[in-house]
Amino acid sequence: MLSRTAANLFWLARYMERAETAARFLEVGGRIALLPNAGEGFRNEWEALLRAAGTSDAFARKYGEPVQRNIESHLFFDNDNPSSVATCIRCARENGRIVRTALTTQVWEALNTAHAELQEIERQPRSQTGLTRLTEWTMRTAALIRGTVDATLLRNDGYDFLHLGYHLERADNTARLLDVKYFVLLPKVEFVGSGLDNYQWVTLLRALSAHRAYHWAYGGEVTAAKIAHFLILNPQCPRALISSVQGLNAHLDRLSRGYGRSSPAQSAARALLGEMAEMSVEQVFEEGLHEYLSRFIVEIATLGACIHDAYLSGDMR
Amino acid sequence: MRISVDHISRYSYDPPVRSVVQSHRLTPAQCDNQRIESWLIELPGGLEGGSFTDGAGDRVQGWTIPGPVSEVSVRVRGIVETTDCAGVLRGHRERIPQLAWLRLTAPTAPDAALSALARGISAADPLALAHALCGAVGAAIAYRPGVTHAHTTAAEALALGEGVCQDHTHALIACARLHDLPARYVSGYLQASEDGSPHEAAHAWAEIWIEGLGWVGFDASNNCCPDERYIRLGCGFDARDAAPIRGIARGGGVESLEVSVAVEAAQQ
Amino acid sequence: MQTFFDEMNDQGKVRPPYARLQEWLAAMPAELRNLKQAEAEALFRRVGITFAVYGEGGDPDRLIPFDMFPRVFSAQEWMRLERGIRQRAKALNAFLADVYDRGEIIRAGRIPARLVYLNEAYEPAMAAIRPPRRVFSHIVGVDLVRTGPDAFHVLEDNCRTPSGVSYMLENREIMMRMFPDLFRENRIEPVDGYAEALRRTLASVAPEKCDRDPTIVILTPGHFNSAYYEHSFLADLMGVELVEGQDLFVEGDRVWMRTTEGPQRVDVIYRRIDDPYLDPLCFRPDSMLGVPGLMDVYRSGGVTICSAPGAGVADDKAVYTYVPEMIRFYLGEEPILPNVPTWQCAKPEDMKHVLAHLPELVVKEVHGSGGYGMLVGPKSTREQIEAFRARLIERPDNYIAQPTLALSTVPSFVEEGVAPRHVDLRPYCLVGERIELVPGGLTRVALRDGSLVVNSSQGGGVKDTWVLAE
């Protein structure tokens, strides 16, 4: 397959995953805004979310105060924000249009319909586009596109490049969200288990649609260690870092088998998974959650560069 | 006359580029004016590409240099036996009809001043006209290196009143074409005279189509027709089209070029 | 008032090829028609066929209007058209092979040398180059107009990269989906063999030194190009890669494409980018769309470019007037399809006639396309004509003029119901080892009442084009 085609598929998936993440941020933010909170009030929440989304500086420059309506504009509609839902869906659709023939009619129609609906939403007065409607639409759209990918796409190398994009982006997004929540909201160990901190963690779980799953998996009290285990090391959790890394491994292995040759990307992914499989949540806390996550984010970025060099750059021999 | 050539072009890239593609017109064609005794092109690290004879009768050779590339060195060495044909190109096989050489390109497009210069010259026959134009261009543009550059047009050089052989040639081509005389740009070598002529050893001149004679060379820089001191490498519509080496680097490195040319009378 | 030949209703009678359509039309109430029209539009939009008009801005996802009323040719009518088109495609290629070689037709004094060798589209870099099978134009689009039952004229030739074939294929696809009964009742020659025929044609002109099943690619300027849909559509139908310049590179004496499994050799490039952008080393140095070194590989026989650079010298509107002469010179035959009488403004006596009759004439730019830069005398105001006259006088050699033709009409669905609208026809002739032509083509229709301009950029639409089996 053309390297550029593979790159378009890879980025199509990354943008869709990124759109979903932006919607999750919005949803959580909106939920928090409905609840009373002690101390510093709601603003901190929104700022933390913006920081997780990596756009707090751009937001401050354009809007100033983080009030809900601006946050909605920024995270959903803003064409200047490279991570807004609108930008991501546009980019995903454009990548899809370029490689139209590498997709099935179903995937293309799902993407094209998403794009048309987005334009429709943008035309409506803001009073009619409630936050819940925006986030639900985004998640439903993302699920639909992913569903058509899984249900209709040929299991060839293009399928692998799409999934590499999905997993890579998800690993990065989850780690960032986790890192910001920990780093910003939980600077002191003695708060662990306190009401405030507990509430923040639950928010995090909600952001990852993992709230109920967590209770099924662990039951009982919400603790930092259990949550960290769930979101980092538990392969049952679809958004756990380890699940994404497993997914990356599975698709890199498939590519190597299909092409009849291994790549440095495959070795790098294997090493990363090997380390995680051996790791306990205690070791994570020993290294420091923030330190661990920072390292993980760098490793994922490095793996992304390896995938680029091995398949997408067009420069390999 | 036997002439030896040793021509080195060294391209440096900083930072190194991903790859380099070149197209060479570096091999003199065999004709009555010149006979190749030996000719060798070296390009360390380069992969020889396709080669063919183009419509102007010149040998074209493609090269690619896989990256990362920080330096490309092209060395041409050879000996050519030349014959003075009074400036007329004889026995050269080519396919492009002379009429096609009337078309203008950006560097040879005339402006009002060039048109005035050309219109000011008239002569009894085309050959005399070509000689007169050659002299007029040489007089209007004084030889002075360093004031013009690779992309200077004939019109710009005339406005400056100074330039090098490339500018003289562009201007002469423009004037000839204004008189409906087909004309073209020739790149080659010139063996420097004993008295140390100031002109470049890697040289350029024009050829003008004179009905009845064929292609006749005119060197406006030296106000003469090419004789046995000239080796003809190739021709084109303008300097870029006739360039002995054309190249494109992939990647953002800054290119610098260092050239050394030695063209001497060979020992018998 | 000028009268026009209508291809369905001629002198109060329905012409035989349209007999069954008469019943079909009668059985279709307005509501059903509107429903079907909406359905067709939804289908087009869903598959993503859209047309962006160069330089007009606006909605890049605009649909080209599709008129459901088909245009029909009888087997006999088509047979004559086909013979005429094949003859023309052959002569045009013979001309190209000749002018880049010895130029016999010019030496024989049958075509003026300056018209060819000083033509903007004549490419000196192609002189002395002999592409495989000596074919220069592999896809020849011949634009035809009709003025009477047996009167067809060639309006112009397209020897570079004629576009629109995707509409020919999609129009048929959509008609078959929406009106399957029509296809049961009428025996209509299929057009869906086009992609395979194109692939076969391209494979047949692989370089001589290609020692295996050739790798074919389509080279597109990119996804911002207005014809990108067509490029990706054809690549998909042929099962070949759609590449941009950046996906290809030259190494050694071959061209390669960048794939996820490393470099893969490319043998035939069906390019949909213009000559000046093909290779920055040979043509425009600022081109970002091309492949550096491509022309050296091509000219040394390492890859085939379709159509050959410089093929445009055969479809130049001034050279057009000499095509009948080419047919006589190279084939020793009389032209089956006549040209439209044409005045060359570069010739003083022609120019005199043109200036005296501007309000009756159509004046076109020699290198223009897409219906831009032209004057339709009878449809223009005094001011427009005078403004055009000034431009014409400034550069006579840039223009040719033709009489305003009484283009035939075909019934079309318009807002008020069914009304005759003017049409033209572009069949696509493939030239490789063999000359192939699928039965049909692209019918363009001027949907504005009274308009003679069928270009999609000027309010034109398209129709499905039927050739009935014998």
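Things worth noting here:
Which chain is which? They are A, B and C, in the order written, and residues in each are numbered from 1.
Keep in mind that, in the parts below, a residue touches a chain if its C-beta (ideal position, glycine included) is under 8 Å from a C-beta of that chain, and two chains touch if they have at least 3 such contacts.
Because the structure is a prediction, the values reported are computed rather than measured.
Contact with subunit A and subunit B alike is made by C. Among the other chains, B has the CA centre that is most remote from the centre of subunit A. Compared on C-beta pairs in contact, A-C and B-C come out with B-C as the pair having more. The innermost chain, defined by the distance from its C-alpha mean to the mean of all protein C-alpha atoms, is C.
Centre-to-centre separation of subunit A and subunit B, using mean CA positions: 60 Å.
Once the centre of each chain is set as its mean CA position, subunit A and subunit C turn out to be 48 Å apart.
The distance from the centre of subunit B to the centre of subunit C, each centre being the mean of the chain's C-alpha atoms, comes to 41 Å.
Residues of subunit B in contact with at least two other chains: none.
In subunit C, there is no position where the chain touches two or more neighbouring chains simultaneously.
Along subunit A, residues 315 each make contact with two or more other chains. Residues of subunit C that touch subunit A in their complex: 46-48, 223, 232-233, 235-236, 241-244, 246-247, 257-263.
Residues 1-6, 94, 97-98, 100-101, 105, 108-109, 112, 157, 161, 255, 259, 311-317 of subunit A touch subunit C in their complex. Every residue of subunit B that touches subunit C in the complex is listed here, in rising order: 19, 21-23, 47-56, 60-62, 64, 66, 94-97, 99-100, 102-103, 237, 240, 246-248, 250. By the touch rule above, subunit C contacts subunit B in their complex via residues 100-101, 103, 106, 113-114, 117-118, 122, 124-129, 249-253, 280-282, 285, 292-293, 296-297, 299-302.
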